[in-house]
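Sharing a structure below in structure tokens format, with a few things to ask.
By written order: A, B, C, D, E and F. Residues from 1 in each chain.
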Amino acid sequence: MTGDCFVIKWGCVTESFTTIGPNELFFGLTEMACSIFSKSTRALWKNYVKMSAVMKPENTKHFSSDSPHDKISRYPIPNRKDLPYDMVEAMEEVETKGGFLPNVFKVLSHRPAEFRAFFAYYNELMNKETGNLTKADRELIVVATSVYNKCLYCVISHSALHRIYSKKPTLSDEVIVNYQTANLSPREQAMLDFAMTVCRCDTVTEKHFQSLKDVGFDEEDAWDIAAIAAFFAMSNRLAHVTDMRPNLEFYNLGRVPREKGKGKSDTNVNKV
Amino acid sequence: MTGDCFVIKWGCVTESFTTIGPNELFFGLTEMACSIFSKSTRALWKNYVKMSAVMKPENTKHFSSDSPHDKISRYPIPNRKDLPYDMVEAMEEVETKGGFLPNVFKVLSHRPAEFRAFFAYYNELMNKETGNLTKADRELIVVATSVYNKCLYCVISHSALHRIYSKKPTLSDEVIVNYQTANLSPREQAMLDFAMTVCRCDTVTEKHFQSLKDVGFDEEDAWDIAAIAAFFAMSNRLAHVTDMRPNLEFYNLGRVPREKGKGKSDTNVNKV
Amino acid sequence: MTGDCFVIKWGCVTESFTTIGPNELFFGLTEMACSIFSKSTRALWKNYVKMSAVMKPENTKHFSSDSPHDKISRYPIPNRKDLPYDMVEAMEEVETKGGFLPNVFKVLSHRPAEFRAFFAYYNELMNKETGNLTKADRELIVVATSVYNKCLYCVISHSALHRIYSKKPTLSDEVIVNYQTANLSPREQAMLDFAMTVCRCDTVTEKHFQSLKDVGFDEEDAWDIAAIAAFFAMSNRLAHVTDMRPNLEFYNLGRVPREKGKGKSDTNVNKV
Amino acid sequence: MTGDCFVIKWGCVTESFTTIGPNELFFGLTEMACSIFSKSTRALWKNYVKMSAVMKPENTKHFSSDSPHDKISRYPIPNRKDLPYDMVEAMEEVETKGGFLPNVFKVLSHRPAEFRAFFAYYNELMNKETGNLTKADRELIVVATSVYNKCLYCVISHSALHRIYSKKPTLSDEVIVNYQTANLSPREQAMLDFAMTVCRCDTVTEKHFQSLKDVGFDEEDAWDIAAIAAFFAMSNRLAHVTDMRPNLEFYNLGRVPREKGKGKSDTNVNKV
Amino acid sequence: MTGDCFVIKWGCVTESFTTIGPNELFFGLTEMACSIFSKSTRALWKNYVKMSAVMKPENTKHFSSDSPHDKISRYPIPNRKDLPYDMVEAMEEVETKGGFLPNVFKVLSHRPAEFRAFFAYYNELMNKETGNLTKADRELIVVATSVYNKCLYCVISHSALHRIYSKKPTLSDEVIVNYQTANLSPREQAMLDFAMTVCRCDTVTEKHFQSLKDVGFDEEDAWDIAAIAAFFAMSNRLAHVTDMRPNLEFYNLGRVPREKGKGKSDTNVNKV
Amino acid sequence: MTGDCFVIKWGCVTESFTTIGPNELFFGLTEMACSIFSKSTRALWKNYVKMSAVMKPENTKHFSSDSPHDKISRYPIPNRKDLPYDMVEAMEEVETKGGFLPNVFKVLSHRPAEFRAFFAYYNELMNKETGNLTKADRELIVVATSVYNKCLYCVISHSALHRIYSKKPTLSDEVIVNYQTANLSPREQAMLDFAMTVCRCDTVTEKHFQSLKDVGFDEEDAWDIAAIAAFFAMSNRLAHVTDMRPNLEFYNLGRVPREKGKGKSDTNVNKV
């Protein structure tokens, strides 16, 4: 992410934005949602806690994008001080790196055990580094399937992530309206066709697998695509029942290209 | 389970059936699918391994209900000896207690990290001991939503679990065909209506919550119902993409009432 | 049916089961629902009455599987003594042969003229001995289309009949959940695809006929498949409006294979 | 029918029309489709044959509205001389009374036994003289449900019958396009709502029955409405699979009001 | 139109029918709905007014087919004297030529500016004289798409226009029930398939265009078909919200062939 | 628009952005799409041309947001010099005022007569100054219905217009994903419910009108809402068949609030 033409500008709608140091600016959401947990085969969560432990939470700055009266869930949001230490560590790490804490962490913290299982699973699927799916691919799957499911939280947050990973500021909007007419490569089109088959819970046949193979995906990629579509079938429904609302920061994230050669003093010029 | 009028008759279709010893007989599937993992807040999986360690896997008897040529997944099933130790322990424990290993363990073992996250989540949702949902309630939610999603594996296996927990040998069949005409209490009807709202990914409104409250559920129960429906929205889709097939044992499990007045010495003839 | 490995065990859930003599046991439902009426071209019903006359109703034993308070219809069930003689004869014959009287006879007897027309038509379609459809095929069509129509009575009763005719104890359950993933031959798959086209009332084209021919069916078979699907389009709707409930006996019928070499004295051991 | 302002003018589009004597003209389709068979409880078909026997088939004049090359069915139409005598009698009686033989008789004669069962059932449902449904009501149910099922034969023929019975030349066209905006009484609206519930195979609840009661129907009327909707669920599907085409005569039947004060000698002047 | 076998017989259901002179009779609706407006590129509406100006509105005879109490719109119908002169001219011209004023003119006159834009657009699409679509083709598109949209006004009025233009008195009825089984040429079938794709608002792909090309349509024809389907997507919805009712005259228009060899003096007596 | 807290930043993604003079900057898109045509009752289009004539097209600067190779339509886009003078005038006026020419003008110019009728109608509906609908309301109707129709062009362009008119930078995104969970007032919710009823072409009943009245709309507002939904039912379909693509400028328009305390001299850096 560093050095390229997108500046991740979350938090920018609040005055405190300019207090974020440049390090934070260039350590983007790119890493946030995905590398929360280590991937040791034995203790996903435990390792995560360790990984968090080496970070410096004392530097954390909290950007409460949602004013206290903004309801982000039907269910109560626990006070952070009442949460188990491992969860607090995780949340502070995410917040430090990304500049704000995505509401899904707050909303699901109402159920700590489910929180841990959810993010362990999420991390495994979205942060996988093997196979042929890029991170942008994974986010595009989430966008296309979450729109079908009319899930505000997932569409808004993952279209932001897609804009950042793909550096294509409008493609996710195209997919949101109609992935069938979006400017997609045949590979992306086949990937989303497969994901939508899973999303709609259609019967999956060899024909569906063949369509993936025709554009270069193998069977393990098929599993990845399907597992992401399946996981967000769950996530979308959890978001519906909790009435989870996206952080305001997500709406504009990744929409505006960074101007080349601009120094730090300029940042308020090209702020979104 | 012990002493009541249902005999769990799995394994009965194979000749090796009568070799099951009485200990196994009375430690039923009732406990199997649910108490796999301990519920310590920190290390779900790790604790599970410990718990498994105190059991006696040497007694395990494998009832391979599926002949070698029966395909239970589109994806390869790893040899057990190639799997991480914690997973082998878990599978052996389940097999010992229940008499056979449900195919979902075999199919998902293709992806160890996802296996762990899946069962940690599953355990949390289906084995929860607080709240107003009975285990039979939870299984009924799975049956109703999985039928909507046309998921063979989940319908066959969880209708078996429902028959066992509820001791109602025909109610799950009624729900499979049409939950709206099944002989359900108003409480069960409202529970399934809410679960189906989540299953279909409809927008959830206060009206839906009120319908639950009208029959005595609270908001935490609503979360439980929704989370189960959401988790199986994921599971059903994973089953579709892997073409997961149910063990034959599930089909008849819990269908036949134990005959009154039969001595224990008889029971091992037709028991699980 | 006699001599093979399925024992039809209806009535078995009541104590009176053991009073059924072996003759009844081996004279199965196989014949019951189908050969009710003779097939003379002139007087379907009249001939039926004659045929009934040669049977020995004095041997009939009534197994009232439904306790008096179980409601099996929204409409009143006439007392048998108030029914016309030909209908009583028919019902007694069916009951004698099968061990219990399927509730559809009781429910439709509320309208004698419709009862006669219904069963004359039913008999013609389901008991036809020409053409390439087996009895198991016919039942499978009923199961697949009745599930689509969410008809509890027809799914439960005809999946029982399918289990008996096909000697496949789980195939109908597979079809109930999702006929597209069931372990069907290409011939059966094409047959059900055609039946479902009719069931959904899609426009039928030559392409549909060709798909049948591709697997060996001719045009007369196509009519048979379509007529069965059409007749149960009617039956399912009548069952919905009367809220017709299946006899409990149907649920387990044909699920358990008869053990080879078992003598008569054993039958109550392995009874379901 | 005689003496009122509708003249049933089928057959009029052929030149041979004027050879129909006035007796036939005023003995209309009103009676044709309905009183085909007597309604003795014992021998529907047999009695029908008797009734036919007292008619004078030697007077019959066949108005072949379909030119020989017009295909009215996917299946062969038997030569009348090859059909069983009772069926020929029935067809000639219908033809004599109505002026032409509706194609459904020709198409279904391919299967004599099904032909008999079909018309016995049809007669029972559509010609019933008890209860609160008029003949126009029954035809309207057929029109509304058959449009939903996109059945050309049933819509065209039964909208003709409705025009005749109701003497409302445009109401069936309104129902064909959208029964919800048609100029229906609340009673008719409730009747069609119930019929459509059955037609769509929705689960029928007490609420549906109550809606009928609210406008004066009783439970027996509910059965009648449902049975007609169910029977045409079957008929529509049979028409689809046979590609049954309506006689041309049906299209204009009942559209034109008879002019008042016109003498009998004029009738061929103002024929449609 | 003159001299061929169809006589346009609207107004016939009222006593005043016979007062229509023969000129009007043979100057049919054929011209009415389509050539309302000239097609100069600059001033569609203005030129229309000019064209109207050369006509003789003093000859106009109003055939009020709707009795005063018949409601033809949810919204008030302005008195003609209160309408702008150009609209009055247009309405009188249409009425004079066609014998009655289609209700769409009355209903939309509630909004003069929208009235003008609507008819300017309508005229451009339906009266276009270039390209490969006949007027009958255009009307058939309207019928097929308006039935899908359950629009009573458009189905009844445009099926009348189709009968007149095509001289096929039953084809539009076939299309109303099920265009897929109607006796259409492959060209007409492809045309309606494309129109229905637009009507349902499906994503349009090159495959759809190719299907048109396969039967001889070019890309400009595709635009014409789509624009008509799109315009009536609007019209149908306007008709729904205003509850626009068709004039009674439309129902029978074009159904009856003119009798050959009949003198002109007869025609006004009994023609429908 | 001037002086408030939103800066419209279109054109910003091209280098030529800063060359826009301040005059253009403050004459925003707000007025563009709506006041294209005057509303004289006689000559909508002609008056438009006059109105255009008083403007100074010599100042116009064309911001070709789409590179030459970007396809914005399946159909050819005429060279502006080949278009009739009135259309060129209109396009130049829009371009001058808004900073770029929305692609709908280019795409529809392929059919000049339809272009004129389309924009005359559009202007009448979207620029109406009477009644209770604000311009933001009208745009929100377009957004909600166009998403249902999966129309990329209309969703992207009209959500931009909504952001500008409403000064709510995220509400249209909420409506795009799920208007039922968007943060709407009861009045807006009722407005969109009514619009969606029209959009889906449901039968409109008094109940629907009552829901509007309950929140303060009258019958004329109902017509307005319905007419907009109906007009975009047409527009969406035209966009589908032409594969109309939105200008890139629309995607970010209205997303970023103007920074407080910024002097006017700065504003032309990042304003529209």
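Basically, contacts are C-beta pairs under 8 Å (C-beta built on N, C-alpha and C of every residue); 3 or more make two chains touch, one makes a residue touch a chain.
Remember, predicted model here, so these are calculated numbers, not experimental data.
Touching chain B and chain F together: A, D. Least step count on the touch graph, chain B to chain E: 2.
Judged by contacting C-beta pairs, the busier of the interfaces D-F and B-C is B-C. Of all the chains, the one whose CA centre sits at the greatest distance from that of chain A is D. Look at where the CA atoms of chain D average out and do the same for chain E: the two points lie 32 Å apart.
Chain A and chain D, compared by their mean Cα positions, are separated by 63 Å.
Among all residues of chain B, those that touch two or more other chains are 150-151, 178, 180-181, 203, 243.
Every pair of chains in contact is given here: A-B, A-C, A-E, A-F, B-C, B-D, B-F, C-D, C-E, D-E, D-F, E-F. Residues of chain F touching chain D in their complex: 203.
Residues 12-13, 147, 150-152, 155-156, 169-170, 173-174, 176-178, 180-182, 243, 248, 251-252, 255-257, 266, 269-270 of chain B are the ones that touch chain C when the two sit in their complex. Chain F meets chain B in the complex at residues 178, 180-181. Per the touch definition, chain F reaches chain E in the complex via residues 39, 41-46, 74-75, 84, 86, 110-114, 116-118, 120-121, 124-125, 149-151, 198-199, 201-204, 209, 219, 222-223, 226-227, 229-231, 233-238, 240-243.
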